[in-house]
Each structure stands twice: as structure tokens, then as C-alpha cells.
Amino acid sequence: MAETVAVLGAAGYAGAVAAALLHRHPHFELAFVTARSDAGVPLAAVHPRTRVPLVLEEYDADRHADVDAAVVAYPHGAAAPVVAGLRSRGVRVVDLSADFRLHELATYEEWYGSHGAPALVGEAVYGLPELHREEVRDARLVANPGCYPTAAILALAPLAREGLLGDVVIDAKSGVSGAGREPTHGKHFVSVDETVTPYKVGRHRHTPEIEQELGGAVRVTFTPHLVPLSYGELVSCYVTPTREADVRALYEDAYAREPWVEVVEGPPGMQEVRETNFCRISVHGDERTGRVIVFATIDNLWKGTSSQAVQNLNLMFGRDESEGL
Amino acid sequence: MAETVAVLGAAGYAGAVAAALLHRHPHFELAFVTARSDAGVPLAAVHPRTRVPLVLEEYDADRHADVDAAVVAYPHGAAAPVVAGLRSRGVRVVDLSADFRLHELATYEEWYGSHGAPALVGEAVYGLPELHREEVRDARLVANPGCYPTAAILALAPLAREGLLGDVVIDAKSGVSGAGREPTHGKHFVSVDETVTPYKVGRHRHTPEIEQELGGAVRVTFTPHLVPLSYGELVSCYVTPTREADVRALYEDAYAREPWVEVVEGPPGMQEVRETNFCRISVHGDERTGRVIVFATIDNLWKGTSSQAVQNLNLMFGRDESEGL
Amino acid sequence: MAETVAVLGAAGYAGAVAAALLHRHPHFELAFVTARSDAGVPLAAVHPRTRVPLVLEEYDADRHADVDAAVVAYPHGAAAPVVAGLRSRGVRVVDLSADFRLHELATYEEWYGSHGAPALVGEAVYGLPELHREEVRDARLVANPGCYPTAAILALAPLAREGLLGDVVIDAKSGVSGAGREPTHGKHFVSVDETVTPYKVGRHRHTPEIEQELGGAVRVTFTPHLVPLSYGELVSCYVTPTREADVRALYEDAYAREPWVEVVEGPPGMQEVRETNFCRISVHGDERTGRVIVFATIDNLWKGTSSQAVQNLNLMFGRDESEGL
Amino acid sequence: MAETVAVLGAAGYAGAVAAALLHRHPHFELAFVTARSDAGVPLAAVHPRTRVPLVLEEYDADRHADVDAAVVAYPHGAAAPVVAGLRSRGVRVVDLSADFRLHELATYEEWYGSHGAPALVGEAVYGLPELHREEVRDARLVANPGCYPTAAILALAPLAREGLLGDVVIDAKSGVSGAGREPTHGKHFVSVDETVTPYKVGRHRHTPEIEQELGGAVRVTFTPHLVPLSYGELVSCYVTPTREADVRALYEDAYAREPWVEVVEGPPGMQEVRETNFCRISVHGDERTGRVIVFATIDNLWKGTSSQAVQNLNLMFGRDESEGL
């Protein structure tokens, strides 16, 4: 019988994609969609593309815990107590926020402030299946990675494993959906159009996740840029390797059996992964400087968030990892 | 009396902007505009925005040398012999191509192939007024910088002068006009829209110019990316400094008296310099890694090419550097 | 057993989408993909998003007729003889070109010139299932509608049927993929970006199709505009009705049982139908003038071309009309 | 001696452009810039492109009336009382709002609600110099036209004058800056990108202005569409003429001596008028239907608003109409 799933925070971009994917999933049954500001409105009225025939409901901790699993699409800070409530009622959770991604509570507090459910931090599994597939299978709480970390970690993990990361500069380019649905001056069409905007220079909160998952041995410079497009993300990674290595072979080995990572020749394009769970990666040597340059691209709302959440749910419930994707 | 100027290759984007600027210049007189493919057509028919009431002519080495100066907007290789012809007739030249930018002939040959007028290489002045103002005043042949080098060199020169460039990664983002007007698959709207495309990874020909003008002591990794917009360029520069320094003060000192360089607090935006001769720069420290991050933005067809050509012409003919800009 | 299908002309945008849809279709088997210019190259190298693991082949009239059906994605004029060849070998055809859309040969010749296979004109069925479902089921040759006519006819058919079309102005807005993949000045990113371009004013070849399918009683003014986006099409139709009528009810009745037409309240958006077979329509009265305003939007490469071709194939082979869509 | 001018509401897009134009105007002196929300902030911090070195001030009815003229860039309703205050202190006003554009108070009230300064309605001159140049010269209060009416009226006036407007459909396409600077869901980049959105169908408030200035004899259907670009506007006008006429000659006669209207052959493009005071117009016949199709394009913030305000100020103070433009 189908497991039931609720999506909490389904009026945002990520929640809406998660709801759409679960609605058409051959196994899971989308039971509830909730939202604060748009409660009472059909999800399909807010996000017509989803064509999900459910009405957004105000979150009710009891009613909406009557499911097998929940995808929580809340901002960090707001997510932790809701996740704790769901876990206490036995609901398995994929949390899209940052609240359970960092293993070290101190690191979380340094970057985000005090934590709303510190007792659960130890239980959470970092939900990047390519790195933690087996733990995800057994997880009750999966901390779904941020969109930038998904691309950056997949881009750099083969080098990290071999201890090849001498230094790392990550220059990331993201579509505007990555900044969320709330209207602001910075997301006004006129502000974004015909320009590129670096932001949170030297202090983006995705940095510690990336460092954690690369093994903690290297400090990365991570600079995101907003580019004039809606969906998609490209990370350009510059690495001084600690020694000579057949880097290309490392990548092909690392990802040969991964269904959702494609190692390609030329630099990958966002349209190639648009509305898919794929991450596309290319690896290049800069002969003159000895640096390695790695590009990785994903759809920030799919592999960067919500299709990866479904990939994790599939693993957590013993389904084929790619079901419904 | 007004000096007369010809623009050769005025059907391209850069030539057209140069022609428009010279047409409305209070001192210079735009005498001729030439083009191969569109000869016989009014420039304003090909580039309506210019509103230049001249007809594009097929280039005639004698007729079009009857001017005081010429702006040559030809591809590299094609430019050198035409420049040589103009110089032999006493015409002062601002060459927009790469043919005379590199002081070392061997470096030119390594990146571009054989040179069409090697005897003139020694005479050419690299036309970045902020670095070479006095030489430009006396120059007969100015090699106008490439668009990426203009931004990158202005972004890094204050560090270079102090010997602070430990290593350099330049991640550049450019609008499509920088790739020229000839239609190709890569410039088709559908290819560019909603994606970001790295190109010429590890081997872009602007690299040696940048290294030359930064003093030759550092090898840079330079990676350009095509972004879905028409005009403008942003370079994001990552530097490991060789020692501690008050970097912000260095930039303010370096550019305090420069009319066309603005050092600003936050990351600069392309719209702030659109259709101007300004370069806007911001400097940031990444405390966690010790890196310095510098952003610089220009309009690739203005400060990146054609308004800088006019700035150079002004200097060459003893005019106010900013006249007509 | 699965019927086999070939896609001829699969290197273009429409052919590539048709191939991708047929490749993942649960019933049909994509047997061949052909192309002139890219023969020998994997389709996935030209159009990575398709992920079709077939190599583009040079068209061979015998080898590629060894299928049950073919989708022909050739320009008008080039299509007719190839379609004739396929038909003579018993292959059922969905032709994406204009060659078999017009019932009157004289009309074809007036707008397109001489016809390459006039004997087949009488046999062809106009492949808009919402108007001609039963004929499509029995057809051997389906003339798939143009993208503009698909939207315009669906927008106006409920009024046409009732004789309500007093006059008709259609102002259409299309993404650039509608203009094809061949690079031209007009499709250069810089030409399209930040502007709207009317084209073929008063003489677009889709006009006679629209008039034919609206019953031939009204002459329409049809003006397409290129807008700065890649995929999608909106037609804004202005009608002076011949008499009072409950127009909204007409539309709801007309499309209540249509799986792929959605009548909505507010003006429909292109993102709501992106990469789907849906046409979304809204109907509005302009009380001050008595005019009726109808908007219809489709994805020009899906319902406007290739998913409609699959819809037609499903009907032709007795499958569920929506299979694989 | 230079006349002084204040711009009230300079933090919006239109006010900022007006301030920038007046700041660099060779004659007028920009004395004050005011804004509600950003008071205390330099205008150049909110709109860097202006490079205006003035600080936005909270509006003070006395202090800011110490000027020769004011440009009022307030929303309708809010403008009227401020304009009345300025007029009572003898300040000449160009009002960018709709408050004084309609001669009939009843029409204003029907479309906008009650009027804040009805006594001044009779005094105001509709500030389209091409139609009302002489009245503008003597005006003390100029009601600057809306952006859509500027383009639509210039597109249709030559036909209106000759009584040729049998019926009129205006399908307008506008960049997002026309919708103002306040962030909303509808102006979020993701909402606008890759789609076209009709809005205020059958009830846009610019309709009565257009009808008034076309002589009041025809009711127009006017439908604006938001297109994914920042600046610029195109109106596509469809007219059934009341009789045969040499329409092209009408336009050439009408605009032969107008410095800021260009009649061109092919459909005009927004980039051709970007950041200029030009309106570009083309006229086409649709032979099959007998309709006349007229396209007109302007920069919505320049000829559509703020450069036209400067054009009006020039006339009001006896300057050359084109000074500073």
C-alpha cells in the first residue's frame, strides 16, 4: 500500500515542486499540502504548473502528522520545532532547511544562531545519496542539502576523497528561484535583468555544509552570483591539487554507477538538467597554472532541492531510488 | 579645427559604438565608416541606435587614409596589415584588435599565430589610460585593451603594484555582444537564454594581456562565462595576497583621481555602468580564508572597447580625456 | 507489439522534441532519427536535453521506410516528396510542415508556391484532435497544424461554430524557438533581447490555415511578434461578435471533455503549459466596445508541434490519446 | 540665469530618470529631490545609474516650493493635492500622474474615484508636445501623458485627424519598469521571465486618455501585456479605416517636422529608442482585410514619461524643445 506524504510549506517554490513530484509519484500518495499565507487556496491556483488538486491548509501539528512521511519546506529556524513535533509522532522527515545539515551544533550556532531542536542533530543524515546512500536508507530524519552544496559537493567529492584539495574557490551562478518567492527589491525583474549580482560575499551560509561534506580539511571561498534566469545553477570550482593525478579518471570512476550524475566532456549547461534530478559535471585542467577547474550544474529546485528530497524518500522507504523522477 | 577620424569595420558592435561616439563628439569629426559585408548601406540601417547619417563604404586604403586618425575595428590578424598601411600614411591609429597589445612577439605568436606587422609591435602603446596615460598622449599607435583585460587589470592593478598577487583566479561573466555580431549556434537566443556557459576554459586569448599588464609575475586562471544578457561584463577576482595589507586603502588611493574608475562599497552592477566609460570596483576580504575578492564591472562595448578608444583619442590629440564621453 | 516510428529531421527543435517524446513513450518504439547537417552525431550531442541514445542518420528512403509510422520535421516544400515516398511504402505519416494543411491547392500555391505532391492533398487530415478527432483516427497522413494556428483555432473555434466571428484580429507573441534553429541575425541573442519584434506583418503563412479551420467565413488579421523568451506562445484574439451570446458558457461547453484544453479565469501564462500538451484559454468581454477578447497559450514545440504529433499518432494507432504525454 | 526645478517622488523609476535628465541639463538646475521611503539616502545610492549627487529629502511643502518648477512623480490621487499646493505658491508643474490628464471630471471620477483638486483640471494642458505644443508653451500646469497613451496617440493621431478611425484595437507590450518599483509577486523575476502576461483586460485606466486625445469619436479596445524586459514599450494598433486613403503619406506629413518622431519602413524596435526621447512609428496595410496596422515604440521612462517631462519644461520656459535631451 502507498505510503502517505505531507508537504509542509508548499506555497514556496521548493515545496510546490516537491508536491508536484509526489502527486504524480507512482508509489507515494500526497496527502496534505500546507502553507501559512495562502491557506484555503488551491495549490494549483498559486502554482498552476503543479496541477495538484489539493487545497493549501494551515498547518495542524496533529492532523498533518497522520502520514508516513513529511517534506518540510520551511525556512531555517522555523523548521526545527516542526520537525521535532513530526518526529515525536513517528513521522519520517525530509527537511529542506539548513537546520539539521551541520553535525556540529557550534557551527550551526555560529552561522544561524540558536538551534530549535538540538537533540535531533545527531540523528539526522545529510541527504546527498551519492555520498550517504546507505545511511539515508535507514534514516528517520534526512537533512536535504542546500542547492549550492549539492552541486559543489558533487563537483569536488572525487578530489576530496583523494586528499587532492589544495585550495578551493567556488564561484556559483544561480537563477532567481533560488532566492525564494517572497517579493523584494532584489528579486524585482528590473533589478535582476541585464546584470549579474554577487551576494553574501565571503559569508554565505552554505559554506560550512560544503566544508563538512568535503571532509573538513579545506576552507573554501564560496561566492554566489544571481544571474538573470529563473531556474538552474552552475558552480565553477577552481582547485590547486596537492599533487599530480589522473583527475578525469577519478570522476569517471566516482560516478560510473550513479544514475543521476553525468560526467561530460564540455562545460555542462543548465538546460540539459532543467526539471530533472541530474547533476552534470565536467573536469578541465588549466595547464598553465596547474589548476583543476570543475563545473557542475543542476536545477536548483530539483536535484538542488525537491527531486533530491524524493530521491531520499525513495531510499528511506525501500523504493527504487529513481522512482517517479 | 576638428581632427577627422575614420572608423574601419563599423558594421560590428564595437565599430558602431565608436562611430556613434565620434559622430556626436564635440571636437572630432567622423569622416568615414567602412565595412565589408554591408558596404553601401547606411550605418543607421544596420545599427539604428547610432543615428549616424553616413553610408558604410568598402575600405579603400588611400581614400580612407585621408584622416587624422582611425579606429580599426577588425578581427586580430586582419587588423595588422591595415594598421600598417594607415601608419605608413601618417594616420594615428587606435586598434581595437589584439594585434598590438602584447609586447613580446613570441607571446603573440603562441596565442594568435604569425603577426602581420611585427615591425610596429614596439611602437604600440597599451591603451589603458589608467595605467599608461602619459605614453598614450605621445602614441601614434594605441592598442586598445580587450574587454576582459580592461576590467581585470583595473581590478587587480593596485594589488599588482604592491606585489600582493600571490595567486589569481578570474571568473568572468559577459553579455553576448562581447562575442560579436556574426550569427552562430552559440549566440542563438535559445542557446543563451536561461543558462550560463563557460567557454575557452584554460585558454582564452585575453590571458596573456592580463598577465603582461599585471607585471608578468603571476600566472592567472581566467575563465569567461557567457550569461543571458546583451551588454556588460563582471569579473570576480580571487587573490591570495602575499602579505597583510590595507587593501581597501590601496584601491582608494589608486583611483581617487581617476575620472572613470569608481570604487564602491557593495558589489557593482552592470546597469550602473551601462553605456558609460565607467569601471566600478569593489573590494572584499574573505576572513575565513584570507583571500581578497575584487569585483569590477564595465560595459564591454564602452569602457571595454569603444568609449575607451575615444578616451585614448582624446589623450592622443591633447583634448580633455573625458570629452564626448 | 510496439509500433516503430522514425523521426525525420530530428536535429531541429521540433524533431528533437518529437524524438524525445517517442523515445520515452510507453508504447511506440523510436526506431530512427535522421538529419542532414548533423548525420553521424548522436542526437543527445546536438540536443542533450533529449537524452535519446540514437545517432542521427542521413535519410535513406528505403531503410527509414521500414517503420510503421514517421514524423516528418522538414521545411515546407522539402516535406512533400519525402511524405509521398513514405506513403507509397505504406508508412503512416504525421507531417509537421505546412505541405498538407491546406485543402485547396490554389491556396497553397498562392502562399507557398508549387506543391511537391498534390495528389496527396485530398487524403490528408488536419491534425487538430479537438476539431478532427474521428478523421485523425482513420488517417494515413496527418498534417500537423502550425503552432500559431493551434492556439488561434482553439481560441476561436467555439465562436466560429456559432457564427459569432464578426471580425478577427490576432496579435500573437512567440518565443524564439518558433523561428527555428538555424542561426540568423534576427535570432542572435542581442537582436531579440530587450525588445519585441513584429514580423511578416499582414502576410504570415499561417493565416490561411487559421481561416480554413474557422470555417472560411472570416478574414483574419494575424500579426506575430517575436518576444525575448525561448519557448511558448500567446495569442491575443480580438473579436467583434455578430450578436449577443453567453460566450463563457460556449467555451466551457466546447472544452469540458477535452483532456488537453483548460479554460481558466484569468489570462493564462506560458509557464503553466511549458513542456506539456495543454492549451490554456481565457475569455473576456470588453464591455465598453462589445468586443470579446480571447487569450490562448501553448508551448510552441509541444502542443504547438511535437506533443500534438504524438497525440495524433496515439489516435492513428488506436492508443489512448494521452499516452506518453 | 538657470531656473530651478524640484523632482518630487524621485525614488521611483520615473522620478529618478527625471532627476538624472535635469541634473545634466545645460540650463535647468536640479534643486531638490524628495522621496517618502528613502528620505535621507543619496539618490545615487538608490539609483546608481543617475549619478545625481543629491540626498533624497522628505517633502516639505514650503521648502520645496522655493523653485521655479517641479516635476511631480507621485501616484494618481496623491499627486493632486501636492500639485495644488505648488500651484498656489506659483510653482509651474509637470505632473506625471493621471490626475490632470482628463478634461472631464466625470470621466476621471469614473476611472479613478474622487479628485483631489478639481479646480485645477481646467487649467491643465495635456503634455504631448506633438499635439499641443503651443498650449504647453503657455501652460502653468502640464499633465504629462501616460506611457501607453504617448505611444498610442502618436501612432493614431494622423488617422484620427482625418476621421479615418473606423475601429481601433491596441495591443500593447511593456517592459516591467512600467509597472513601478514596488516589489510584488507579479514583478518578481520568476513571474515575468519566459512568459507574456496580459493585464487589466478591458479596463486599463489609460484608455480614456487615449480616446480623449483621438478626438473622442472612437472607443478603443486597449490591452496591455507585460513582457520579459525592463525598459521599452511597443503598441500594435489595428484600425479599420472609414475610407481609402494614402495612409503612409499622412504619417510622413504629420511628422516631417517633428524632432522626436521618426516614421520608418519596417517595424520599429525598442532598442532603437532606448534612453531617448524618440518615438518610432511604422505604418502597414493588411491588403487582405483592408486594415491599417501601426506600430509605435518608445522608452516608457523617457518619451513615455520623464524625457517628455523635460521636453515640456523646455517649452514652458521658452527653451529649445530638445535642450538636454
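The letters A, B, C and D name the chains in turn, as written, and every chain counts its residues from 1.
Definition applied: a residue touches a chain if its C-beta (ideal position, glycine included) is under 8 Å from a C-beta of that chain, and two chains touch if they have at least 3 such contacts.
Bear in mind the structure is a predicted one, so any value in this text is a computation, not a measurement.
Farthest from chain C in terms of Cα centroid separation is B. The pair with more inter-chain C-beta contacts, choosing from B-C and A-B, is A-B.
If each chain is reduced to the centroid of its CA atoms, chain A and chain C end up 37 Å from each other.
Mean C-alpha position of chain B lies 46 Å from that of chain C.
Centre-to-centre spacing of chain A and chain B amounts to 40 Å, using the average Cα coordinate of each chain. Residue positions of chain D touching 2 or more other chains: 193-194, 228-230, 269, 271, 274. On chain C, the positions that touch chain B within their shared complex are 13, 176-177, 181, 183-185, 187-194, 228-230. The part of chain A that touches chain B in the complex is made up of residues 167, 169, 171, 173, 175, 193-199, 201-202, 207, 219-221, 223, 225, 227-232, 234, 236, 238, 240, 267, 269-271, 274, 284-289, 291, 293, 295.
Chain B contributes residues 48-49, 193-194, 264, 269, 271-272, 274-275 to its touches with chain D in the complex.
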